Amino acid sequence: MKKVAVGILGATGAVGQRFVQLLTDHPWFEVTHLYASEKSAGRSYEQAVNWKVSAEIPAVMRRLIVNLCDPDLQNSPRVVFSALDSSVAGDIEERFAKRGFVVISNSSNHRMDADVPLLIPEVNPDHLDLLKLQKKKSGTSGCIITNPNCTTVGLAMVLKPLHDAFGVTKVIVTSMQALSGAGYPGVSSLDAIDNVVPYIKNEEEKIETEPLKLLGRVCPDGIINALFVIDADCNRVGVRDGHMESVTIEFEKKPSVNEVIQALRDFRALPQELGLPSAPNYPIVYREEADRPQPVLDRDIGRGMSVVVGRVRKSAIFDIKLTLLVHNTIRGAAGAAILNAELMKVKGLL
Amino acid sequence: MKKVAVGILGATGAVGQRFVQLLTDHPWFEVTHLYASEKSAGRSYEQAVNWKVSAEIPAVMRRLIVNLCDPDLQNSPRVVFSALDSSVAGDIEERFAKRGFVVISNSSNHRMDADVPLLIPEVNPDHLDLLKLQKKKSGTSGCIITNPNCTTVGLAMVLKPLHDAFGVTKVIVTSMQALSGAGYPGVSSLDAIDNVVPYIKNEEEKIETEPLKLLGRVCPDGIINALFVIDADCNRVGVRDGHMESVTIEFEKKPSVNEVIQALRDFRALPQELGLPSAPNYPIVYREEADRPQPVLDRDIGRGMSVVVGRVRKSAIFDIKLTLLVHNTIRGAAGAAILNAELMKVKGLL
Amino acid sequence: MKKVAVGILGATGAVGQRFVQLLTDHPWFEVTHLYASEKSAGRSYEQAVNWKVSAEIPAVMRRLIVNLCDPDLQNSPRVVFSALDSSVAGDIEERFAKRGFVVISNSSNHRMDADVPLLIPEVNPDHLDLLKLQKKKSGTSGCIITNPNCTTVGLAMVLKPLHDAFGVTKVIVTSMQALSGAGYPGVSSLDAIDNVVPYIKNEEEKIETEPLKLLGRVCPDGIINALFVIDADCNRVGVRDGHMESVTIEFEKKPSVNEVIQALRDFRALPQELGLPSAPNYPIVYREEADRPQPVLDRDIGRGMSVVVGRVRKSAIFDIKLTLLVHNTIRGAAGAAILNAELMKVKGLL
Amino acid sequence: MKKVAVGILGATGAVGQRFVQLLTDHPWFEVTHLYASEKSAGRSYEQAVNWKVSAEIPAVMRRLIVNLCDPDLQNSPRVVFSALDSSVAGDIEERFAKRGFVVISNSSNHRMDADVPLLIPEVNPDHLDLLKLQKKKSGTSGCIITNPNCTTVGLAMVLKPLHDAFGVTKVIVTSMQALSGAGYPGVSSLDAIDNVVPYIKNEEEKIETEPLKLLGRVCPDGIINALFVIDADCNRVGVRDGHMESVTIEFEKKPSVNEVIQALRDFRALPQELGLPSAPNYPIVYREEADRPQPVLDRDIGRGMSVVVGRVRKSAIFDIKLTLLVHNTIRGAAGAAILNAELMKVKGLL
């Protein structure tokens, strides 16, 4: 099978580096173009990037010349992943889509647009239907699809089988989020060592709204959001990778602890059925030990694509409490977008 | 004024060291006796202790000889602070109380005993009345009084003015607790660096029950607990000192954000009126910055005796969300017990 | 005594904040003016600063309006401390000196200038004589004096009594430096958590040269450097404050371990004699425990103005090995400059 | 090829777990027996171990029953790896050797015994000749061979090609060692967060002596040590895995910086020639970036079996300064012993 040529917008940033890493030797995609800001354009990737995700830049990427984020560049691949910062992603992604590109974005700008799919292949693969609406509206063959915020991904994947089975009505979540979520240099070491910062700008809003779209229903005119309510509190802790979430959930039906654990363990979805290359065998892994999940031990389960859950127990106020862990730069960012692209490939949308 | 001679049970442990530090140069108390296990007994404090709370052991304490925890020791002071581990505290404290000692304990063993005051001087000074019941029952002049769990202290102090004003009905709390709470050596560095441990043994039960006793009402036969419900999730994070708590509260009355902030800011109580030496000017300090409180910046406010609150805001599900910080080894342990002793001194109970 | 009015250049940065903190309630100095870049000028200090050195900005400083670094500002105090970044300090300090200001600088730019004193009051108070040379050359009453690099300060203070007694010939030093040395935001948390960075730009050169000037001899024409050789390797470790240095020293005379310890313990100097307000009782504190000094335990000894030494032992190759700790933002920066100013005050140079 | 059955002594500890991890799916060895102390014996490995090196215990090891460290156990494999604590390793290893076992040990007890090989296959494969001496002396076919201390391994591997080419005469080394080197629970988090501990018990002695044996020459009567001198200072820093070493070296010949870099880069040895399964392609990897190696980025190069060097530069006092990084629990412990076993297998010694 000939690989699909792809580009990476914002290839030098922290999430861009994860795209580069995860797309090297990908069985279906081949990175032919890297894009970044003026500061990097014209230089080799090796010269432009401050590489931080592993010891070495993948050899095949070193010599690639970084381009400006310009959709009119000749010979560009028609599929681009976007790791752009939200301060610039909105415009650039639109320009690429208008010129006929498929933009698979990790940025927050268009996530809540009525005609843009906010996609987790295990949760709402049918939301790809929105692309018809989007293309009709724009009159081009280009489009934008997005993956959720890193903290949202973990929460929505856990809520999916539980909502289907028991009907979620209320969710209170406190996150303890990793430093890599803020990019590089991101959080100052003086804010991280021996400290917790109880605030992440614009984060709680995303966690309170994105899952409602993700668990919503596709209609001819767009998405009808799920109707439960989420209350989020976000904290930055001194962890390199892996967002922890302490979650308390109220359900319509009143499931037992065991029923909840069973529903999480039994959860399989389309990416597992289709055997998508980045899909983990188990979208959710449940750990029985009293003190798990832990970032340092569990974040790489399923090559960082599984959400790891532990401590499912009765709540005295709602119904169930649990703790979850999601690898924020893999399942919560670059890996999420790549899984979206893999689903689109299978669906003939690339 | 002649100082009251006091002893410290468990003087070599982490909390014991804080007692030694905070009681050095105390205006009302003078440490004359230190007690610990067989391993330490007979040695000078300097030899017995692995001192960790500051650069140097206070000079006046260095040469004190450590005694066994034996209430029959001659010339013992009649007042002892207990920093004993809960694996041994139960028995030893009872033996001391039976022999007529006033035992002011930080240990959890007797906190929920029906006739033992669980005391925060700002919250429930009238619970000292339980001592009559206790002494009557035991037939001795000795007694035990306790301070709450370190995480409870912060929560109960914040709930106190809010419960009085608006009637608390439900509380969901996720803690991010400091390493010193587990003593020394306590948490392994390999569990702390680049990690969060989502479980602390026996901790959630304490936080879910102790505040109900603290905010309860004294009756002739004991305490009638407050009637609200608490749901707790406890996590250990890589912070040296200072427990953070993410709290969501439902009230009977529906206060505005400003009313809650005002109630916290206006809160003063008996220790402030009496000018107790360890009482902070403000039991609760409210910070307006979006990203506070933070352990490294705020834990020492009020010499570690103030609880610091920030981020009071609307909850979509209950009424109010907020973040609080309590210095776990000062306001949450040794400082708490010393403030209890100061109140007892003023009340003529020592 | 009327306090000397002083200003702080670069008052909003990390070292500037330490100046503000240490000069609040100083017995001899009163901060009347704060200076920073265009971004901050015109705003109150409270608005301009991202305050990080303690819970709260000192009340007296909050409302001070930040000025541009302009020597022609009316009513400026004639004495300014400089915490400017070295990218701008060179020019600005010169402009202030030319306009008659006494500039007491922590910046590196003019440290090695032939007519600028590089001063540690315990080490080379006579180097203030250079000011005559400097003023003669410039033809103004203004002048610049500097304190050394933070790592240099600790090393030079330890070498001083040893060089006087035993004649230092060679020094090999490996530093493990704290994060605050890079300012705020400074080092990224992703470079600090679970990591060591074995390089600090321009740092080794300073440590290899500054001590030679500090331990040099004043002559009519300037300083004749000390003649020993220093080899430095600098590393950044995940510590908030306190630089550790592993030092191996060769001497002309061959002192015993005890003689070295005794020389360090006996060391007193002019600041101690004069009782300068910021001078610690003991410029060097020796710790006998096998595992000290440690940053978290020992950095605040002498209010951060003592250098703490431990592990003096035989070297198999040179003569003596030892470990030292210096509080990099107090004795190594703001506190150093303030002690310099105190000495100048006593000498009638302010 | 039939796999060689092997056992692991001390299988539940930190290094024992690394053995279990690295020997799972090993092409030449199959773990059939696990041994530990009385506390664990009789339980399944899953029950006995507090597994910490990755998310999950390898499936094939879970159900293995842990045995006492008893050489008379029936059906024991004749080859055992020892990860025993040095407090018990001495005796147990001797008992196994006397009963005819080949004991491949990571423990320090017998490293400096005159007839025990202290082996790094890249450095001194010919030292296996000592086994003849050992077997002759003991009169059994059993034997003990050892790998060096974790910090020694990195240093000796770097010194090997340099000593061969340029003749090492003096080495001063300051280590910054990872927490995992102390096992689990090992270092308290309160000694690790925001701290450096400038002392590791018995460590400096090992680093000052072991390399001299490793680089020594085999003679009929044993090893004649290399003649240079090492001066070591060991520090514990807040890093999970990966020991950093700051090294200053004097040579007989005076190599240029480039000659040293070239010698390090060109270094290949017997394990590479033989293609031993655990041998890295490059025993030493040189990094040109100014700020490398760093533990978090470089410790896993060569699957943790390469030593990573950077910052080779002129020393003002000796000849060359450099920084090296060694993965302390892989190349510095379990991986080292396994590579030793692989070499013995090829040599027909198992």
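As written, the chain order gives the labels A, B, C and D, with residue 1 at the start of each chain.
Note that a residue touches a chain if its C-beta (ideal position, glycine included) is under 8 Å from a C-beta of that chain, and two chains touch if they have at least 3 such contacts.
Because the structure is predicted, anything quoted here is derived from the model rather than measured.
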Far-end chain from chain D, centres as C-alpha averages: B
More contacts between chains, A-C or B-C: A-C
Cα-centroid distance, chain A relative to chain C, in whole angstrom: 47
Gap in Å, rounded to a whole number, between the CA centres of chain C and chain B: 40
Multi-partner residues of chain B (at least 2 other chains): 52, 191, 193-194, 238-240, 296-297
Complex contacts: residues of chain B adjacent to chain C: 52, 54-56, 193-194, 240, 296-298, 300-301
Contacting residues of chain A [partner chain B, same complex]: 170, 172, 174, 176, 191, 193-199, 201, 208, 229-231, 233, 235, 237-240, 244, 246, 248, 290-297, 310-311, 315-318, 321, 323
Contact set on chain B toward chain D in their complex: 52, 179-180, 184-194, 238-240
